[in-house]
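The next part holds the structures, each set out as structure tokens.
First subunit A sits with subunit B, and in the next complex the same chain sits with subunit C.
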Partner chain A sequence: MPQIDKRVGDAVVWLLLVTAPLWLTYVGGYIELGSRVLIYALAAMALNFLLGFTGVLSFGHAAYFGLGAYGTALTIKYLYPSTPLAMLVGVVAATVAAAIIGPMIVRLRGVYFAMCTIAFGQVFYFIAFQWSSVTGGDDGVSAWHRMPLGFGLATIDILKDNKAFYYFALALFAVCAAAMAFLLRSPFGRTLLAIRENERRARFLGIPVDRHIWASWVISCFFVAVAGALYALLNNFVDPRALRWDQSGNFVIMAVLGGMRSFWGPLIGAAIFIVLQDYLSSETQNWMSFIGLFFVLVVLFFPRGVLGIVRRKAAS
Partner chain B sequence: MTQLLLFNVFNGLIIGAFYALMALGLSLILNLSGVINFAHGGFLAIGGYLAYTLIPYLGFWGALVVAPVLTAAIGILVERVLIRRLYGRDPLYSLLLTFGLAFMIEDGTRFIWGAQSLPYRIPTWLAAPLSRSFFFLTGYRVFMVALVAAAVLGLFLILNRTRLGLRIRAGTLDLETVSSLGVNVRVLRSLNFGLGIYLAGLAGVLAAGMLGLQPTVGDNLIMPSFIAIIVGGLGSLPGTLAGGLLIGVASGVTSVFFPSASEAVIYVMMAAVLIVRPRGLFGEEGRF
Partner chain C sequence: MSLLRVEKIARHFGSLVAVKDVSMTVEPGELRAVIGPNGAGKTTFFNLISGFLQPTSGRVIFDGADITGLLPARRVWRGIARTFQITEVFPELSVRENLRIPVEVASGFRLRPWLSRAADAEIRAYVAELLEKGGLAAKADRMVGELSHGDQRATEIMMALALKPRLLLLDEPTAGMGDQETYAITQLIRALHKDSKLTIVLIEHDMRVVFHLADRITVLDQGSFLAEGTPQEIAANEQVQTAYLGKAA
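Presenting the complex of A and B:
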């Protein structure tokens, strides 16, 4: 695709995101829905860093999403009521966990890697579920809320003002997206693409493949933890469902639905998925069946995703 | 103390037998077709619910025989209509598809049979304890272990003594060669899938008698089954069996000393195995 096209695409995406609070209510949405789309989009893009650009299938990202969320919630509830500090604790906890688990799984490939990430992900689910004196068990961590941001003189009240929280989330989203784009354009990112395209050849070129996959895994988990921290702040609540395996599946389907090979694909996938989920769960009791059916239909008919199809059309 | 320990070892063995039965089915499908069947827990639930529905007509024993076969038939149907299309593609897609199926099956069973837990009747003579000093040895538990042992024995006989088993084992190693030798690989994969689902259905009927029935009955069994495969080693069925029993007994024994860690210990075992021997206890080098 020509260069200019890409810049136009980027501009359109940012314009839509920045103006979303202005038009969301007119198309039947609400601002919290916009925030949720942003958060899930960040999570799906973080997953896609590993899935689409390194070619490694993780089915356990919910664990690090949930760790970020739990770290944030528990810090505000028990340690110190500061939003940035709490996010920092959550994200660091998740990243450290990913860094420790990484070496055990980076030697594995394909289905085996997927299976081990699922299994390791469940560890954190069980901890959150069982350790109820701290995590509240099945009921989750409630009775806390996000704190307004203080900048010396001025404070931004992200607690009461939904719009302020949306822009807070958007700012973090923008920083994370820019960081990921930068990393993918760097020599490191190009090396990841090389590994995706042909691991054996990359190995012959002397690239330490396992170490690169480990790095990509940790980076991906770091960004998914940022999304998790935002998720806890958005809901002022977190429960073990945030880190269950079906959450991991949601991230993967968002990435696939939007298009794994494109940078903005997961954003589109997340928007479609979240809006659909929101609609179905308000319309029918059996929304799980419809979501399941949706998975099946996407796999059978849209394996390349929305952007994959658009690109194919443009190329032919 | 000894009795308590014995009780928990035996309990672990029963749970381990369930894990092994689930994991063997998963492993069969994974080895031949490269599909991680997320919906396996759902098929387990279908097996249990079908047996529940059939008991009034066929009795306990009839349901025990018929329900797993029906489950396998449903499994083969699903394989022919949906899963077959994804062979040879990125494993990502079959993972997502079976993931969606798991959702649909769970919701479907809830829709048909209701969300509340259903009681599952077993013959009274099976429910009674066998001896007074070993109160935990009810006939049903011993019967379950025996039946699982028989099923596993049957599976290994099929794999080692019949033509179908020979083809499945050969296909696991090199499906292309098997195909070029004139074996209908499509039929082989369907039958193999059905065999795996049969084991899930059988586990479902047995689990219904012990745990009762709710739509999420398979959920708690599927993760340990994955771990059984990882611990035992991908590509090795005896390894999967050993892995299932091992983590079952380990979690049983742990529950004597640290009851709250009985779930955690199986994950610790998995981590230990992955560090020391990434391919699993009985796995072959270089397969994955």
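Presenting the complex of A and C:
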């Protein structure tokens, strides 16, 4: 039975995502909002690869999100005006950075790991903030825009057509989500679950725990960098807030809010967070305090997140 | 050649000497029990063999090779598997997944992003066999955390066995169990030893279990080696009786 439930759940998620541009405007949304939800959902799911499925809390994922975003923006602005090339540069830069920083932190656990990821994250924030001649400092990287996708004969204009950009983001989201799901169902993915469940047992079953955490960390940072690259393209702009520590906190909130033990939890969390933010920020400056309140209530009463409630209902 | 040779191993915690120059040799196919009063250093001794702790001095030789400095995972790859005094399993995974993970790791698949159909079928079949052998087939799809203490213990032993070890270390396999469960686990260990000719070293408090299972017994007392011999020899040993019962007045 649970197997069938899962497939129905997957089908519903994909159906909603594919048809979103058709109904979003009728429920008071707009297409750009849909794209933003997708991008943050990808970031939160990438974080959750590490948090929910390896049991390691990173509070510095914004750094790799931001590296993906800055890499993309700077490539288009200064090097070569090609969207795919720019994304590639951003994602490779972030992944390499994660791979190098990884060995310095994978031996740490719990709050020490989280603190060190914040510290490394802030290093990148201050570089972006201070190195004005390249990054534009506090003003960010502006005066550039994403380029239409050329496929020889046909061109997809993701620049002017919001729907086209949504589907471009959805296509990348789908590939990334499928890749993560695939990895989690593999023998390698099961070693990560083993580490989450009981590190000592995993070690004494012959799993070199630190190396597997490193691999999970790099994979997670790779996917969050894809989200960062899309984020820069969506806004045609990036500034240092993209890689500040509170951005990392937002990813964690989204994952926990939606339910970090379920694959789609972070997507639900991101949707709630982004829609609430969009609605509340037009009403009040203090929108974050309302999101915070909502978050506290969910964590207090439904520690397994919003999807956790649904699951429990289904089980009883 | 002996499978395991521990040479004058010692471990200090600050000024406390938990294990003091203990030596032990285990032959292939043997079932060795390590006993001793509380605080004798049995678990520390085990941790030194499995690599959970590093010794202050002394050596551990496994199958002719010095493994004293090796990390736990590398000792597992050489064929040493262990269980813990307090059961260590993956509580939120099913029994089947708990067994599948060590099977995959032992098959060298731990970094594989996918499996061939043939490999997958082989792994499933081996997991099913382990479930059967451990008496867990009916509970295969339950979460381990929901099972009784005895079933969790059986799962842990089968996880260690899934690695196809050459040496199995069991730290108090019947700790905290009722008579029924103790009997079931004892039968399981006996079957592993007799049918699979597996070399086993176990720590045990329950003397019925020890005398029922062990080929030879090593006795530790206050971190030091006290005696070694067959169950009959140990039962008749006056030093051992003194250590357990205190000096006769």
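Just a few scattered comments:
The rule is simple: the second predicted complex is superposed on the first by the 313 of 316 C-alpha atoms of A that agree within 3 Å, B and C clash if a C-alpha of one lies under 4 Å from a C-alpha of the other, contacts with A are read in each partner's own complex, and residues count from 1 in each chain.
Heads up, the rule we're going with is that a residue touches a chain if its C-beta (ideal position, glycine included) is under 8 Å from a C-beta of that chain, and two chains touch if they have at least 3 such contacts.
Note that this is a predicted model, so its numbers are computed, not measured.
Residue contacts after overlaying the shared chain place A:193 against subunit C, while subunit B stays out of touching range. Shared-chain residue A:205: touches subunit C; no touch with subunit B. Of the two partner chains placed around the shared chain by superposition, neither subunit B nor subunit C is touched by A:12.
Of the two partner chains placed by superposition, A:309 touches none, neither subunit B nor subunit C.
Comparing subunit B with subunit C, the partner in contact with more residues of subunit A is B.
Judged by the touch definition given at the top, the superposed model places A:171 against neither subunit B nor subunit C.
Look at A:182: by the touch rule set out above, it reaches subunit C but stays clear of subunit B. Residues 50, 52, 71-73, 76-77, 81-82, 84, 88-93, 97, 100-102, 104-106, 109-115, 159, 163 of subunit C touch subunit A in their complex. The touching residues of subunit A, when paired with subunit C in their complex, are 182-183, 186-188, 190-191, 193-194, 197-198, 200-209, 212, 215. Within the complex, the subunit A residues that touch subunit B are 51, 57, 59, 104-105, 107-112, 114-116, 118-120, 122-123, 126-127, 130, 245-246, 249, 252-253, 256, 286, 288-289, 291-296, 298-300, 303. Partner subunit A is touched in their complex by these residues of subunit B: 30, 34, 36, 82, 85-86, 89-93, 95-97, 99-108, 111, 223, 226-227, 229-230, 234, 260, 263-264, 267, 270-271, 274-275, 278, 288.
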